[in-house]
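A, B and C are the chain letters, set down in written order, and residue numbers restart from 1 in every chain.
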Amino acid sequence: MSDSFLPQDRYFGPDSRQKEIAARLYEPVAHLPLICPHGHVNPKLFADPDYTFGSPTELFLIPDHYIFRMLYSQGIPMEALGIPRRDGGDVEADHRKIWQIFAENFHLFRGTPTGMWLNHELHDLFGVTEKLTGANAQEIYDQISARLSAPDFKPRLLFERFNVEVLCTTDAATDPLEQHQAIRESGWSGRILPTFRPDAVVNLDHPDWRPQLDRLSEASGITVDNYARYIQALENRRAYFKTMGATATDHAALTATTAELSPGEAETIYQRALKGNATAEDAQRFTGHMLIEMARMSLDDGLVMQLHIGSYRNHNPHIFERFGLDMGADIPITSEFTRNLAPLLRKYGNETGLTLILFNLDETTYARELAPLAGHYPAVKLGPPWWFHDSLNGLRRFFDQVMETAGLYNTVGFNDDTRAFPSIPARHDLWRRAASNWVAGLVVQGIVDEAEGQEMVHELAYGLAKRAYHL
Amino acid sequence: MSDSFLPQDRYFGPDSRQKEIAARLYEPVAHLPLICPHGHVNPKLFADPDYTFGSPTELFLIPDHYIFRMLYSQGIPMEALGIPRRDGGDVEADHRKIWQIFAENFHLFRGTPTGMWLNHELHDLFGVTEKLTGANAQEIYDQISARLSAPDFKPRLLFERFNVEVLCTTDAATDPLEQHQAIRESGWSGRILPTFRPDAVVNLDHPDWRPQLDRLSEASGITVDNYARYIQALENRRAYFKTMGATATDHAALTATTAELSPGEAETIYQRALKGNATAEDAQRFTGHMLIEMARMSLDDGLVMQLHIGSYRNHNPHIFERFGLDMGADIPITSEFTRNLAPLLRKYGNETGLTLILFNLDETTYARELAPLAGHYPAVKLGPPWWFHDSLNGLRRFFDQVMETAGLYNTVGFNDDTRAFPSIPARHDLWRRAASNWVAGLVVQGIVDEAEGQEMVHELAYGLAKRAYHL
Amino acid sequence: MSDSFLPQDRYFGPDSRQKEIAARLYEPVAHLPLICPHGHVNPKLFADPDYTFGSPTELFLIPDHYIFRMLYSQGIPMEALGIPRRDGGDVEADHRKIWQIFAENFHLFRGTPTGMWLNHELHDLFGVTEKLTGANAQEIYDQISARLSAPDFKPRLLFERFNVEVLCTTDAATDPLEQHQAIRESGWSGRILPTFRPDAVVNLDHPDWRPQLDRLSEASGITVDNYARYIQALENRRAYFKTMGATATDHAALTATTAELSPGEAETIYQRALKGNATAEDAQRFTGHMLIEMARMSLDDGLVMQLHIGSYRNHNPHIFERFGLDMGADIPITSEFTRNLAPLLRKYGNETGLTLILFNLDETTYARELAPLAGHYPAVKLGPPWWFHDSLNGLRRFFDQVMETAGLYNTVGFNDDTRAFPSIPARHDLWRRAASNWVAGLVVQGIVDEAEGQEMVHELAYGLAKRAYHL
């Protein structure tokens, strides 16, 4: 029963010899510690020793836009799924009723990565041994509820049970990192590290830019009333993040455009922005300039620089107005790196002391731009498939299109990149299986031998991420 | 013999276990009725009970640009293939001679979808059991000729023999639908439905726009001398198509650009066009505006809206001048949906009463834009691979790149999209085999179980198309 | 041992039946003569009967940017690899020490085409039977050195041993072809042909354009002080290349933009360029115009026209300034053919007397633009995957994305496109194996039968290239 629900050799093959070899390669890495260098888990889970996850619906559905976007796409209103409205208006409050809708539509997730993660989580974490359906929905709800209220179902205990070696959160540049302080002071030994994410103070068109600047002054103790002091304040915050254990920064931009401004231009644009008069062009130029500045700071302080490109945020204004950010309505656009990143790489691409990890939502850049760049510049490494592409086929396309030109050792292993802490083992397991199966394919085709393949799988599962992020 | 020419397990695999499972999944859907929601079969075939297909060359080659474009690409003049010239100049009239050329070059179609469809058609419809070659060309010609002149080789009888449940044609907005009237009045029970295609009256740069406008006035009884009456006339024609059984509209544009005009702007551009002074920019803006208008009308009248994007028509002026439209010289261009479709989706994308089915010739949009859009917006569904991409590999790429993110249930099954009525079973069979093999791959890899897989294949073969098009 | 290092059935599969069929299809083509219609081998190797390759490091590493770019990407300075600096500054001169670095980093090439070629070359040419590692580096160095100094290790003897039927070099339009003269006069029977490559005199922004023009006057005996004489001089050089055996030309451009200038415009831009005042726009327009002119000349003189598009040269100015051109720092960009090539194709695309072979670094154009163009225009053929894409997966993607629409017979087989003469057999062998495996997949899936498949593999390995290049 359990076997047909979640087969032991899942995601291997289809060729039977490849399946066998993949299983052999997977076995020694299946239970290696998890390195989680990039994600969005709330540090509060670990700061508060008594944190609980709420109902099954609160655990699985309400916070996960991967799930409710699929239900919404089929015409189920988000209100009916209990997604909170910004205006506080009524939404469905009966979690059993929402769960029933979810279960009756569970077939929508057939063949999707969300479906794969959910099945893994239901099986391994909650002992569910059959597929979720409308018929068994309430029974499984009870089963999950019981487990959720068990005394061992606490984030810290799960962290240990999941064998997480280190987990990095993502934190605003202005964040005082109080949760991280609390974790440290609690004496708990779990390694939870912050990541410096300055988008809100760097992207002039960020809705919160102005209030965030005030918070930046406050947090750094430097009044950021001119560009030079703004730069100082950012350096100050990076230093603080480092003292709190950070090893990396993260930057998001619509495009990979980089271009240096003269000090005078930077000051002029900055002052215009302070007065609320920055144009869209100002914002784009300033972001492109600040990416170069951030590379310079990384070279100074050693923080690994991550760059995430190509998400058109809040494509659906109706959803944004009613429910807010991160509601499943962000859609990818085309990206370009060869020309856009040239100014940054011209300046810092040859530095062995810089690690710039690129992420992107346009797979056409894999073989055309990203792999050639990573296979040449000492500073450039490639992040794993991001967001819509960290699916089984997305991973395959990445392996097939990137590795021949970039080389395995210019990639950085896996990031689970999730808010959903309990889904982390499922995500790493899918990656480890996909990696084992890719390498097994190379073995079957006589490209590498099995001993080399075992080393490659170990790197993919553990070594690459640990080294790339200095963990 | 027949087996090696057209193997029973063709298009399954390559893995042997996947082949077995695919065969099992295919078996129950192989003979399901055919739903044909979009295509270009001439309704005259069914209006005229005595319609005949002519010679083998007239059936297979002269009307099919998929075939003669390949011969032309190898240096065989279109005149030598009997393609009629616009100026009425001489072209080869000996159909046996043309057939001989075709047969001697049949190796050009190795591994092409055209080759697969041709072999299926020759085998199943004409009883041919060996590959067409120069040596057996005339013998096979005779065999086909005999079959073509048999009394049971009439479109209506083939329609029944093919087990077509419903077949939708594509018809100009100004078409009086006389053939459809004749079919209805004939008492024949075959279900042939029109589809509303207003490109010629919507795209201001269409060569026939002005004369078509007069036909629009005539057909609707509304003199379309201003924009408001033009809109009324279109609504009037849609209503007429609905009374004739239409369930859908179809729209073609070079790009997916949409943007609403103010009523004043729309009127100004419309008047400029009436005077023959519309610019290229006017045409693009007007089309982009009318797509939003058509979505509004679809929301009102319930007609499913299809959008076909990205064909650069008549790329070869020499061919256009000599032979006209649809002569194999249309070439795809890149497409963009995320930004271009945003204005339309902002307005109507959240409407569960609208179904907008997207088709496109740029596969890079599958995983990057189309699947994310379909996996979020209630109104958006994805059409199957179009034109150059409805090949075996094209179907595989679609399944692999779309389904994980869009979800199977945001796609709409198959469209044969053909002028060539006798090729319809071959096209659906290729789709059903490819779908069975894709799902068999999921089963072998432990992603879905065989019972789930069977449901998915049934949806792909029959259910999705029937529901999406309200058939 | 040797078998696990370089398995007999490598690159076949993964399916076991596909492997068997691929091996059967490969066997009769494995040792067919090599047709090398496009590459960058220095003709001096064959002009000088005593030419030697130097040390193992000089043979394998120093001249091959595929290899040192990967080492550089991992932070190893190019100076440490013995790459000569333009300023003559010190670089590592101890070839054993460089070889040791290479061997210790040989794992970087796992799964890369460079790794596959290297292993083949080490095994077949030097008798190495185990993987290169830090531990066996010096021993293998000795083994290769001994072989390199053997009397039979001369390019002419290798040419015969490799069974090369014809090898085309690439030569500047202004090249007097002295090496080719010397080969002819030597009485050696090896067929080494020049290829006319006029980029330096055609692209106004080429750093050497002005001095190259003087060489053009000198070589042709026509003072190119106006546009008409410039055209005459180019025609004169093409005629000379033809007398020396050339059957083709080759053209590189950043984009595929073509557009005809009026004679007056061409003269104006040409005169501006002679005065050193040409703008970037002038350069682009002139190149786009000259591509059409070159097509006209090809139609006149019968030389096959090759076009290579999409490499952003010298992306890393630091490397360019220190080490010069072709140092692994060229990065692909997106390409567009449908619109860009329309002016050229409108004029000459229907000519059966012209062969225009397209190469490109943006795989998204394969199925979208290139295959549809080649499947229609008599003049257009598609070159094999270029540069970053002539890897095992790159070849697979080409077969999968091109062949269904273009048809096999609108492609031109393989080009090794290499400077590294001793790597030629490895490159052709990889292609022949990949081609056999692709066709074997068609056989397993019942798309072609094995007899047809054998013909297709023979075409891919030998016939297509020979015919397309008139060799």
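The criterion applied here is as follows: a residue touches a chain if its C-beta (ideal position, glycine included) is under 8 Å from a C-beta of that chain, and two chains touch if they have at least 3 such contacts.
What you see is a predicted model; the values in this text were computed from it and never measured.
Although subunit A and subunit C carry the same sequence, what matters here is overlap: shared residue numbers make up under half of all numbers found at their interface.
Annotation, subunit B versus subunit C: rotation angle of 120 degrees from the Cα superposition, expressed as a multiple of 5. Subunit C has its Cα centroid 40 Å from the Cα centroid of subunit A.
Among all residues of subunit C, those that touch two or more other chains are 15-16, 364. Looking at the complex, you find that subunit A touches subunit C at residues 15-18, 336, 338-339, 342, 345-346, 349-350, 352, 364, 367-369, 371-378, 380, 400-401, 403-405, 407-410, 441-442, 444-449, 452, 455-456. Across the complex, subunit A is touched by residues 4-7, 9-16, 69-70, 72-75, 107-113, 116, 131, 312, 315-319, 328-329, 331-334, 361-364, 388-389, 391-394 of subunit C.
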